[in-house]
């Protein structure tokens, strides 16, 4: 079992090494197989580890293996050691499963691109560092994976380095997440300075018994870690980088900016739930940030024309849901939503990627149309994904993962009505922009003919993902549908169960309401974008639309607040005022030279005059002393 | 006795290189590589056979030089200086190899200077006699001046003057401080000696101690560029030949840091403790100001020079945190910075050899033409922004953690430096390798020699990032020895693991107290 | 017997010296400068004599003799130089003889 | 007795002032001779008859005559218009201020001196002669050499050699 855990992250890293060092030599096929193969192997290993883990569940709740001692200085000890418990098992399986599918998909998707092996090298490095992040058993190693993941997102967003815009988007992503990471590292320092250990479980134990609920230190540390999570998961203050990150290839967006990396924040908060439980004010902050983000992202998604940017904003809003769930203490619901979201969002990105690739890099959805007739399979998979995204009741997995979040946002101890209202309108917005996308792109007459039909390597992963985004929901049925909590029982042995307060309203009422809102959303979208497009004309070109499209103007805000002053600051002092120190000195000496050389004017009488002056001065000094 | 051989071999090599310079260009290069690698081999053999771990001097050699003034040739080696000498020799070989093609005028004299600098640096790291220390301090200065002045780029003379004046003036201040220290010691204990070991436990009034320490500080803060005194570094770097700037960045800056750890902190415990807040402030200013300047530079070498000003800010921050973790961080930072900045300078040199300009506006999209150089450049830029898994991360983590224990405010400000590091490092990668090709450069990718050098450096950076233990163990005992007598260590934050009782309030009242104030 | 107080005599000698000095400073004609120097020599000698008389020592007068010798030699050399200057520069203006000037202005 | 001293002093002062402020060189020289004669009277009053005689013979007689001889020979002191330009009153201000300052200093210093009472031994020229050749015999020899050097120097400087261009100065 231990070797299994150790190998899971190492295989993709090995794949990265092979591809990076000897990448140039392989032809496309072998490079693709190495890339996908390594992730495939770690998927198999993850499944084996999962099986072994589930079999021995009641007894041993976590396995850990230590590879070598990484840093030891004074009493600081951090070593390369991985541990598997139920939380990290879920993440492992999702990452490797979705990663493997995306690798297979991108063998064909990237076949037209040069730098093929470089792409797979980066993808393998990404999967490797994400696995390190998830399996790390001390918080420093978690930070190691955290930064590795940030690096790979930088490399992959800027993969097509020819256009400078991709480079700038990549740099923006890395710097914004790096701001979050700096806050996180300070949090880690506080933890270490207080408890002298990086080991997560031990840390959580000591945190629990040393710090009281609401003590200033706990609040500050939790806030810092939260800020780190916000950076990585593109939540409210630091969400501007994700829409620009769509400059990367679609498989990258699918893997990194939908399924795995952006949920690293969720994993961090879930992993340190003990610390966050000690800081109730931070928990409410998480809930509020989640609610606000899902609303803002929902509205912004409505205003987008670019297919991938709609999906990007939808990712931000879905993660908002997860943060909302974490905020109200519904830990396992958040993780469950993460799993389901990984399936259907990856599916949507991949299917969208096919549409864009086929229409020769056309991103504007209003120039596409009638894809239903052209590519029926893509249409059906995309429909499955969108239904699951908008939580079509009973049928799709989305319903079983998003609906409990709505319910807990109201019924949990710390939940309240306003949170539920926000989640509720969010659900409506989600359905609206998803089906706006579906109707505009797939229905109506075909404006652009697809240049070729996608091959089997692309459609098979889509089909598998579609199957899972429908079926995967049934392992976690809500109370009203019978006592079938396969997933939460698994998650419960590392995460605390959600505490529900007596609300006086039955859960079924809320499910009916959310089902109603979904159908209303679909009908409105059908009406506005298919039946009578004129209705949406005025909205599409109005001023609110531009406001939504710019993502509530955060980009301009940050430019004005942060970017421009910094650029101005660095421009004004390009060559370093301290340089004046020695330029001034040099000037002074030259001046002095010119001054004193005046006295050497060759006139005899001037010299005698200076003698006399000298004598006068000396004599007066002699007298006055 | 091998310590003396280390220096003598280099001196002999330099003379030989000078003599054979007239015969042909190849001989001096071969001789200098041979001399440095011979030294390296000698050191490895002897250091492995005698590695004591209790922090005492691994090897100690004392020969009479000027008995009347108590000056002796006192060379000694402990964990810290062993690490530094290994670094020096390793980078010495690298700098000779990279200047194989670049320097072809007066090659003999070039390698004469090169080996003299290396001998001077090793002398600085080994000498325990203050007079001898000053002698080697000056010895490394003059050949460097010639190197920048003769083989430099366009306005090299100005840069070499500035470099020489800055270091020479501060060196003289240090010499005065050494003399003052010796005379104070003589007045209290009667014996006139320059020996470091005897001068260690010297008691003197605080004001005098502060004054003498400021003399030492002047020399080391100029050498380790601290912001107000850093102006010589960008000019010296942008005008020096590649080998020159590699040695300048990788080794000469470290002599400043080494001097702080070896001389300033143990010799003047209470004065350095009093100076600590100012020192840390200077460190933080160095980090942020260096980074700020790095954002705006268009000359690649100047940009890398300012990044090393910023990295050295971490060093001075760590030195004045007075705890073991910070010092381990400082030692790691010295090595990591030496490798990553050295590699970036080698890269800049290779670029200059190909496109004859250091101006980043004219570069762009070079990844297409030179993917290998692009990958190497990418790795070392990521190293300089402190990506985990590479050596700089371990260093910065330890330094910041150590500083965090000493003062929370300073460490948090220094953490901003991490974000700044990201900005300027990615700027290098974006401006040089990504983006569109605005000039149609027809340039070849790295040849075999350059590939080997870069590969060795990459392996080293990654190895130190993942397995820093050997360096930490080697330097550990020496650090504990220098720090155990230091009062600040005791008054500083409780280091040993005494968790403060059961108090539900933060077990760390001083730390939370600090938070209440903010 | 002369009973003039020594202070007045010394001040008188000083006065003589100052007049010589003023002459040296103001006049641009080399001859007048030489002449003023002679005056200064003379006043210096006077002071020696006054002091010699006061202490009744012969040294004062001996010193005067030496001053005389020096003055004589000085005039001889000075006038010879003056002749050379006159032949070379065709003028006796002290300022025109300015070759010692620092000429990097 | 004092009266003569003050008279001679006045004459000396006036004649030296006339000497330095005169336009014509010869007149100035003659004034200077008068002042030297006045000073020799003072020497006599200071009961140093030998020195007074020397002053008249060497100083007034030899040096001044040499002076007048040179200026007359080359009639170089007589350019009236240049002298006038050089002698406008403004020129006198700065030196006289300096001289005044010095005078103030002299007076302060001299009055500040505590000069003890004079000793009442006798001093006559015989003692001067004796000490001249007993304690100062070496100084006298040196003075002799000095004078010889002066003569040779004056000869070489004064002689009108024909123009010889220097080997490498090319002047």
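To keep things simple, chains are lettered A, B, C and D as they appear, and every chain counts its residues starting from 1.
Keep in mind that, in the parts below, contacts are C-beta pairs under 8 Å (C-beta built on N, C-alpha and C of every residue); 3 or more make two chains touch, one makes a residue touch a chain.
Since this is a predicted model, take the numbers as computed values, not measurements.
Nearest to the global CA centroid, when each chain is reduced to the mean of its CA atoms, is chain B.
Taking each chain's centre as the mean of its C-alpha atoms, chain B lies 69 Å from chain C. We define each chain's centre as the mean of its Cα atoms; on that basis chain B and chain D are separated by 74 Å. Rounded to a whole number, the gap between the C-alpha centres of chain A and chain D is 103 angstrom. Distance from the chain A centre to the chain B centre is 37 Å, each centre being the mean of its Cα atoms. Shown for chain D are the residues that touch two or more other chains, namely 94-95, 98, 102.
Multi-chain contact residues of chain C (touching two or more other chains): 21, 25, 28. Shared contact sites, meaning residues of chain B that touch two or more other chains, are absent. All chain pairs that touch, listed by label, are A-B, A-C, A-D, C-D. Across the complex, chain A meets chain D through its residues 609, 612-613, 615-616, 619-620, 622-623. The touching residues of chain D, when paired with chain C in their complex, are 1-2, 5-6, 9, 12-13, 16-17, 19-20, 25, 28-29, 32, 35-36, 39, 42-43, 45-48, 50-51, 54-55, 58-59, 62-64, 66-67, 70-71, 74, 76-77, 82-83, 86-87, 91-92, 94-96, 98-99, 102-103, 106-107, 110-111, 113, 115, 118-123, 125, 127-128, 130-132, 136, 139, 143, 146-147, 149-151, 153-155, 157-158, 160. On the side of chain C, the complex with chain A involves touching residues 21, 24-25, 28, 33, 94-95, 97-102, 104-105. By the touch criterion stated above, chain B contacts chain A in their complex at residues 162, 165, 227-228, 230-231, 234, 292-293, 295-297, 323-325, 328-329, 365, 367-368, 375, 382, 387-389, 393-394, 397-398, 400-401, 404-405, 411-412, 415-416, 418-419, 422-423, 426-427, 430, 433-436, 466-469, 472, 476, 493, 495-497, 499, 504-508, 511-512, 515-516. By the touch rule above, chain D contacts chain A in their complex via residues 94-95, 98, 101-102, 105, 108-109, 112.
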